[in-house]
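Quick heads-up: structures coming right below.
Each of the two complexes below includes subunit A, the first together with subunit B, the second together with subunit C.
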Partner chain A sequence: MTDTTITAEILAFVKGRFPQAEFSAADDIFSIGYVNSLFAMELVMFIEKAFAITIPNDELRIDNFRTAAAMTDLVTRQRSAVLVG
Partner chain B sequence: MTVVGVVGAGVMGVGVAQSLAQHGHEVILVDQDEETLATARALITRNCRMSGLMGGPALDPGAILAQITTAVGVGALAKAAVVIENVTENWEIKRTVHESLDEVCASDTIFIANTSAIPITKIASVGRHPDRVVGVHFMNPVPAKPVVELIPGFHTSPETVERTRELLLSIGKKAVDVKDSAGFVSNRVLMLTVNEAAFLVHEGVATAESVDEVFRGCFGHPMGPLETADLIGVDTILYSVEVLYEHYADSKYRPCPLLKQMTDAGLHGRKTGRGFYAYNS
Partner chain C sequence: MTNQLLARLPASPVLDRATANAFVDEHIVPFAGAWDLAGAVPEGLLARIADAGLWAPFLAPELGGAGMDMVTLGEIHEEVGRGCSSVRSLLTVHTMLSWALSRFGSPDQVQQWGPALAAGQQLGAFCLSETGAGSDAAAITTTATPAGAGWVLNGVKKWITGGQLADLFLVFAQGPHSMVALLVPRSTPGVQVRPIEDMLGTRASMLAEIAFTDVELGRGALIGPSGFASGMVLAGVLDVGRYSVAAGSVGIIQACLDASASYSSHRVVGGSPLRDLALIQAKVSDMVTDVRAARMLCAEAGRLKDAGDPGTIMATWIAKYFASTAAARHATEAVQIHGANGCSPHYPVARYYRDAKVMEIIEGSNEIQRITIAGEAYREQAR
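So, the complex of A and B:
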């Protein structure tokens, strides 16, 4: 799975919940006004399920979930950690 | 440190138990069956993991759960100095639970009814010690909300009120004093707002998204009324509106049929994965 595919899946999930909003991979989804911190929790659950990873507690920081690009980096880091481990 | 019994391991009970444990209290969390308690423990683990993400402190789920004992039935609450009851907003259920608590607990136990609409004086009338029954309306999610409504019933003693205020302060909650009246301040206004918002969707005047966008964009609310309904639970909203309707016998509290249908269909909001919105569970 490439970074582009991961980003596309994450953007599709966000847009599915907020169809009226426009997001790109670099946009801070929490600054646009539709999204609150409860959605961060949904993002964690979606990412863990969709990409079959468990995000370590010390990675559960809002900065890792601000943009689709940041979430893609997080997923990639965890997947490579799993592969190495 | 106080030993606090928490009755009802639903959304509110879990939040109350976590808040107490976070601040060093020993918690005994009880519900009717082991399955509900297992779900509650999983929910507490998840909520602790997410705490930092939601703007709260970073929490170790294992350390929080170590402060919480779970048990089936109120019999486990004999040693609790304070009991916080968070069962479904339904009078028959509340009445039965308070009758049982009155039999099980010690003669100086304080009973806190966490209710969003039922009058405290009515709840206190069930047991033999109405002076030791007081109402606290916690907000959801409990660990994240710093203010509660504190409601003495007709017979509640000043000592009960002050001991309750101290316990609330010890878990970081400021208590706003409110007189006993069905719905208190918050839900006399909030439940009618949510009910009317549901009518707008029911009548096809606006979608849930549009109603919520008006509240966020025009009024600066962090969440719209229907997102709030999904967070609280659509079934809980319905029960609260029904309590207000029954208590005041005033047609302005008539429940929207859409709330009834959603409750019957299991569309209870975030907790069931679907309400006015669909959620990834």
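So, the complex of A and C:
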């Protein structure tokens, strides 16, 4: 799975939750004002399920979820950690 | 190992709906009315629940849990809710804290508390609500101030289910920059428990107000990273609690159905049993239909949880809204079928009626649920 594919899946999920908003991979999804802790929980669950990873506590930082690009980096990092581990 | 040897070994206890059903019929149903009147559950019951492995069976086997899936956990909470909503409420808050620990706890926290929570040697409670904050979690005024390597906690939490019994509290407070979630042992100096009594429903759920006055906690009290993650701890814990309440509400509907079918079969009016009357049949048929529908909604939410699917959060809102409103509706009808007897303490339906009302308020009031569910509908429409 390429970074482009990962980003596209993440963007599709976010757009599905906020269809009225427009996002690019670099846009801060927390700046639109709709995001709350419920969505944050959904986002974490989506990423873990879609990309078969477990996000450790020390990665549960807002900067890792601020943009689709940052989430893609997180996914790639965790998938690499699984392969190395 | 030979078959003969195998046959001599005791069978591993299977924990599922059937065993929970039998446990509830033996240890809870006959006594729930008395506990309701007394406003308390006996300590012996807590030990029996522990012996049956019912406190936190979803925890991992290495912690002493059974690694139970969420669908089965929901079925067990339904069965307990069928017998007594107060006891189910105690399971709910213990489940909420135990789930938070297993999902967000550090390895040290999990090792420190997990085995005792799984065994029911330590009971947990969830501390969010305050006099001026319930559904509006952002309005909480309890503060957690960094001090040295740890925290100092100040504030008063209200309506804390199991607060009179709990050994460990999961407390949400305002930290320096955002909400934080802290594990607070009851034995910590500055923790004061004040029982709340004579509530309308779930009267034996051992409610308390918990005051925290200059409670000093170590760095290890924080569960999950602060800030972004603390909101997720709260959202996740409330989701699990909502799931348990939904399941418990299904149990109330089943209890209303059982009581109504039995009573209307025996109660004779004008020479015929009540069950011969079409209007009574209509009430019972609605109970049959709704209990199945509510059970299926809970099962769907549980399946999505087991699959790690984010759709479980909305599925749980819907299950809880449907099951709690149906429970309140059918408890009203169950009392109606029982007539004056239904208003007396000699029949369980009065208790179901009072308990069902509580289900419409806790873990997200009906009004909040409707706003959230409608929001989902508008999102779907906009796609």
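As a working rule, the second predicted complex is superposed on the first by the 85 of 85 C-alpha atoms of A that agree within 3 Å, B and C clash if a C-alpha of one lies under 4 Å from a C-alpha of the other, contacts with A are read in each partner's own complex, and residues count from 1 in each chain.
Note that in this section a contact is a pair of C-beta atoms (placed from the backbone, for glycine too) under 8 Å apart; a residue touches a chain by one contact, two chains touch by 3 or more.
Here the structure is a predicted model, which is why all the values come from computation and not from measurement.
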{"item": "Which of subunit B and subunit C A:A40 touches, first, second, both or neither", "value": "both"}
{"item": "A:L60 touches, of subunit B and subunit C: first, second, both or neither?", "value": "both"}
{"item": "Touched partner set for A:K49, first subunit B, second subunit C, both or neither", "value": "both"}
{"item": "Partner chain(s) touched by A:R17 [first = subunit B, second = subunit C, both, neither]", "value": "both"}
{"item": "Residues of subunit A at both interfaces, subunit B in one complex, subunit C in the other", "value": "17, 19-20, 36-38, 40-42, 44-46, 49, 57, 60-62, 65"}
{"item": "Contact footprint of subunit A on subunit B as seen in their complex", "value": "49-50, 52-55, 58, 60, 209, 213, 216-217, 222-223, 231, 270, 277, 279-281"}
{"item": "Residues of subunit A touching subunit C in the complex", "value": "16-20, 36-38, 40-46, 48-49, 57-58, 60-62, 65"}
{"item": "In the complex, subunit A residues that touch subunit B", "value": "13, 17, 19-20, 33-34, 36-38, 40-42, 44-46, 49, 57, 60-62, 65"}
{"item": "Subunit C residues within the subunit A interface of the complex", "value": "104, 106, 224-225, 227-229, 231-232, 234-236, 239, 307-310, 312-313, 379, 382-383"}
